[in-house]
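Labels A, B, C and D are assigned to the chains in the order they are written; within every chain, residues are numbered from 1.
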Amino acid sequence: MKLHEYQSKFRFAEYGIPIPQGQTATTANQAFTIAEEISGPVVVKAQVLAGGRGKAGGVKLARDPEEAKKHATAILGMNIKGLIVKKVLVDPAVEIETEIYLGVTIDRTARRAVMIASSAGGIAIEEVAAQTPEKIIRIHIDPHLGLLNYQARNIASEIGLPRNLWKQFVQIAGALYKCYEDSDASMTEINPLVVINGDQLLALDGKMTLDDNALFRHPRLAEMRDTDEEAPAETLARQSDLNYVKLDGEIGCMVNGAGLAMATMDMTKLFGGSPANFLDIGGGAKSDKVAAALRIILADPNVKSVLFNIFGGITRCDEVARGILSALNEVHTSVPMVARLVGTNDEEGRAILAQANMITATTLAEAAQKSVEAARSTSEK
Amino acid sequence: MKLHEYQSKFRFAEYGIPIPQGQTATTANQAFTIAEEISGPVVVKAQVLAGGRGKAGGVKLARDPEEAKKHATAILGMNIKGLIVKKVLVDPAVEIETEIYLGVTIDRTARRAVMIASSAGGIAIEEVAAQTPEKIIRIHIDPHLGLLNYQARNIASEIGLPRNLWKQFVQIAGALYKCYEDSDASMTEINPLVVINGDQLLALDGKMTLDDNALFRHPRLAEMRDTDEEAPAETLARQSDLNYVKLDGEIGCMVNGAGLAMATMDMTKLFGGSPANFLDIGGGAKSDKVAAALRIILADPNVKSVLFNIFGGITRCDEVARGILSALNEVHTSVPMVARLVGTNDEEGRAILAQANMITATTLAEAAQKSVEAARSTSEK
Amino acid sequence: MSILVNKDTRLIVQGITGREGAFHTEQAIAYGTNIVGGVTPGKGGEWVGKIPVFDTVKTAVEATEANCSVIYVPASYTSDAILEAADAGIPLIVAITEGVPVLDMIKVRVILEQKGIRLVGPNCPGLLTPQEAKVGIMPGHIAMPGNIGVVSRSGTLTYEVVYALTTHGMGQTTCVGIGGDPIIGTGFIDVLAMFEDDPVTEKIVMIGEIGGTDEEEAARFIAETMTKPIVAFIAGRTAPPNKRMGHAGAIIEGTTGTADSKIKALEQVGVKVAQHPEQIPELLAGL
Amino acid sequence: MSILVNKDTRLIVQGITGREGAFHTEQAIAYGTNIVGGVTPGKGGEWVGKIPVFDTVKTAVEATEANCSVIYVPASYTSDAILEAADAGIPLIVAITEGVPVLDMIKVRVILEQKGIRLVGPNCPGLLTPQEAKVGIMPGHIAMPGNIGVVSRSGTLTYEVVYALTTHGMGQTTCVGIGGDPIIGTGFIDVLAMFEDDPVTEKIVMIGEIGGTDEEEAARFIAETMTKPIVAFIAGRTAPPNKRMGHAGAIIEGTTGTADSKIKALEQVGVKVAQHPEQIPELLAGL
């Protein structure tokens, strides 16, 4: 789960990291009022969970409240990579002297958290990594000790930070790691961390991604989820405890197991089609869950055929079949469907599906092939 | 530094450990009011940093406020092992079904914290260790993980705690360790942890000893120090950054270094005397500190002679000599003094002391012997 | 022969009285696995069928001399359960539970490494040595004894592959599901090394997926160390970047973790990479 | 020959610009110790006399190839300083600082053990190999080269003993102050084993005090392993229980840590225990 810039920065501030004293607005008039209070130039920033908002025109400098209002009017409602901007952050503008990158993420290979820093802040760290990898400093963090002060000093030294800023930097780096750990984050970054007035550090922009598996112990963070920013189908899927990711192909896939779901998606491609989604119903799904999954698939207008691939273990094929039927009783559709059920109670499952008008297959390859053909015939209609 | 029972228990409560809902009183009338509010039998408990207050009559059951007042009157002002009771804790009385011991301390050999538990609660753990060592369970705690739930369950299982109490016990044991760690304690114990109403655990009595070296990061705990409970000389010494412990012999000792101070004490004994104190002036002491130290020694009426043993390294013998003279200018005394100064600036030191009427010695043995003789002649006067 | 588990495995089940634990215990017993005890705090002294339940792993190990534990407790209790098993001296711990927080696993791994204890999982289907031991949730009937070693980050995809092998008469030494999380106990390299050392295993199937760089590291290890032939399959060629594909570990971050990178790395060191799971038996037969 | 430090020791001083650090650096240089650098964060590039100052231990080690560090930073920064030296690859760290919280040291020790790094102290006078290296605050002039190894939990009491030895013409291989805290890096046993292995050391003086059970454990080790003759002294026979005698570690808790218990344990394994420090040369001469 991703946090907005303002959510991340407000959380940073709880850990003592200095941030600009801005506020969020959902209307242009609010933006005007905030800019008035700040009394000075402000930056109006789209709060949207997509990269590249700057290039899309989602970040604008305003010299006065009137201009802030004008920019907010333009930005609110803007569509950035498919997401509608519903909120802006109005921050006091500052004169930036230096831009630093500072982030924490997991190094899967080293199996530790790693603090990443660079004197080349203000641009995506991936770009720095590609263009000037020597400018990236990485320090692994002992999970039992946290970031130690000397480690932060080593970073400050290696990115060439002026010595008068070290104390602040050590405090900010320590706070950032603590915030990361306390939040069970998988990524958190300040980019840029800027130097202003010659001797002050300020976290100008912030990002956090949280470990979904750990949200159970962070109810306050879990509440920050912005469902406006999810595809509605993904919200629906999450509520039914389904793993669903919308893609832009035409073959709806319903599979038990994440690896098998990916393999199934891949096979539609292999046989000339393209998957409309990733959907894992998990292990031991009951019929109501299966029905919810099918409703989500069929709600996607791009879907031209549906492929059920169930390898029954804990999951019972008859339960899956019942769920499919129950959804079909509700949603009337002419989309052709291909079912491949193998394993626990597969015969019962197939018997149940015999009531529906469904293409069947024995192997996964056969099923994938038939779903591609079915999608093609739908498109041609 | 030791905390009082009420200080320890109130701190336990901050960590979610259930304690009796009592309050402290410094007057008998206050005790009456608290007992009235509790409305039911209460226990009036002397708050004093000495063991054995029960046997000394410092803990009394009262059936009603009137009786609570009577007991408080008796207990307040009571002298328990040299300490005057200035405060009582008035706790609601409970019917105790089982008494458990639960504590955390440092196992120096294992170099870890250890949780100690016993089904034989309510008596000093040292007694249990001596009489029924098999009733003591010890679990070492990984400093980086803290007490894990399974470890608390292992303890619950091994002390034979009924299963319906395990959840509470796991929570209390975890909280006790957390409280220990967060406070930089060297010892913390609940004794007894009692079962009441068949299904509730309650911390009836509590103790904490804090690591003096870590008080700098616990200002709130450092403020809890009860100087009423220290020998006034020890308070004075602490304020001058001196390590002083009052003993009951007749030879006052002033030494630089803790080990050497102990060795010096031991030698007075070896030659037939007995030390009046442990006093380490530390490394590099200036004359004002030395003067403060001598004032403290001379304030003890038991002191019949004083032995200065200074092995100059960082400590300069001339500084020590100047401090001694400055104190003697202030406090007029007829107590004989033996000085042995070796090392940095020892000749200058001896020259300064030549102004005072002082016995000198070259070796430590000679110094100790002379101080014993001097004390004897003072006593005979 | 086999790796990790066999007839001599003395298994305990942590979370044996839970829904999952009870169901899979029954299945494992039916398969012939030597389950010697179960653990559920507060239920010591009870029985699940013929299996005694203990309050703690410590008491279970004392009573049963268990040498392996399988964990079915909820995600929020899993790290405690793993450390409990480790502390009680269990040398092989298999954690089935899905949804364990990553930072928990980072901490747990450090401790297990210090103690030299092997963890498989979490978020894995477990281990299956056909006709000897079923430790976890892999369906037993799809497997048969033989000389193919199978190692996989996935669950049902593994079953699909094992089923295809069995259908083609290719039996397995041991099937190892290492799990789909970003931080797991046992990785490809560990299992490949064990298969290399197992005299019965002749060929190896390795099933990877997008996310992380474990497959790339395995490729380096294969080039340096492995002599037995390997067929691989990598799931997720059609997965988009920065989206988690079910498994917490299956996510393409920036430019790392793509299926293409993994396939390329494996092919470069001589591993045959299948286009789809059902192609694996055919490729194995050609080696 | 000697143990731990000698002419080849390349020493850095953490906290070199502080009052204590600067003073003892001067003393150590005057003694002939090979100090190659100092560390004070924020003062990199400055000089203390002829010694270059670095911002971090890492940069200091890179520039100087230091193999030993002595720490004079305040107590609240000491654990960070120790871990910084360890992380920078310094194999021998000597922490002079007094007053380090016990729980800090418990955590630090675990890490040092994992890395196999030796710590002496904290709250110790350091190491002195006469006419070769002075790492810490022991006065150099009281010592002279010879074949007695000295190990002690104390500071000035050690000087007293070394002074007595020198006065009696008994030189020392190395004098080791292990420190007076409850949790220290290097204990009696470690140092005894080093003296046993050092070909030049012929006899050993061991100075203990009340608190803990290190002397008792040393006695067991002596019985099992040591062949060289040992004279001991234990301070604190007249110390009362439950009172801290200056050193955080010098406290008799309950019935453990008494001088009598330590003296008895040592005498039982054949160690001569002196009645007072000045008796030590005489006892050594008799061995």
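Rule of thumb we're sticking to: a residue touches a chain if its C-beta (ideal position, glycine included) is under 8 Å from a C-beta of that chain, and two chains touch if they have at least 3 such contacts.
Owing to the predicted nature of the structure, the values given are computational and were not obtained by experimental measurement.
K.L.:
Looking at the contacts, which chains touch chain A and chain D alike?
P.N.:
Touching chain A as well as chain D, we find B.
K.L.:
Between B-C and A-C, name the chain pair that shares the greater number of C-beta pairs in contact.
P.N.:
When A-C is set beside B-C, the one with more contacts is A-C.
K.L.:
Give, as an integer number of Å, the spacing between the C-alpha centres of chain C and chain B.
P.N.:
From the centre of chain B to the centre of chain C is 55 Å.
K.L.:
Report the inter-centroid distance (CA atoms only) between chain C and chain D in whole Å.
P.N.:
50
K.L.:
How far is the middle of chain A from the middle of chain C, if each middle is the mean of its Cα atoms, in Å?
P.N.:
28
K.L.:
Could you list the positions in chain A whose residues touch two or more of the other chains?
P.N.:
Where chain A meets two or more other chains at a single residue, that happens at 142, 144-145.
K.L.:
For chain D, write out the residues touching at least two other chains, lowest number first.
P.N.:
Expected reply: 107.
K.L.:
Chain contact graph: line, ring, star, complete or other?
P.N.:
other
K.L.:
Please list, in label order, each pair of chains that touches.
P.N.:
Per the contact definition above, the touching pairs are A-B, A-C, A-D, B-C, B-D.
K.L.:
Would you tell me which residues of chain B are touching chain A in their complex?
P.N.:
Per the stated touch rule, the residues are 144-145.
K.L.:
Quick one: which bits of chain B touch chain C in the complex? Just the residue numbers, please.
P.N.:
Counting only chain B, the residues touching chain C are 142, 144-145, 148-151, 153-154, 157, 163, 166.
K.L.:
Of all residues in chain A, which touch chain C in the complex?
P.N.:
Counting only chain A, the residues touching chain C are 106, 108-109, 111-113, 126, 129, 142-144, 181, 184, 186, 211-214, 216-217, 243, 245, 247, 249, 255-263, 265-270, 274-275, 278, 280, 283, 311, 313-314, 342-344, 363-365, 368.
K.L.:
Please give the residue numbers of chain C that touch chain B in the complex, ascending.
P.N.:
41-42, 44, 55-59, 77, 80-81, 83-84, 87, 107, 111
K.L.:
Given the complex with chain B, which residues does chain D contribute to the contact?
P.N.:
By the definition above, chain D touches chain B via 23, 75-76, 99-104, 106-107, 109-110, 137-139, 142, 152-160, 163, 180, 182-183, 207, 209-214, 217, 233, 235-240, 243-250, 254-255, 259, 275-278.
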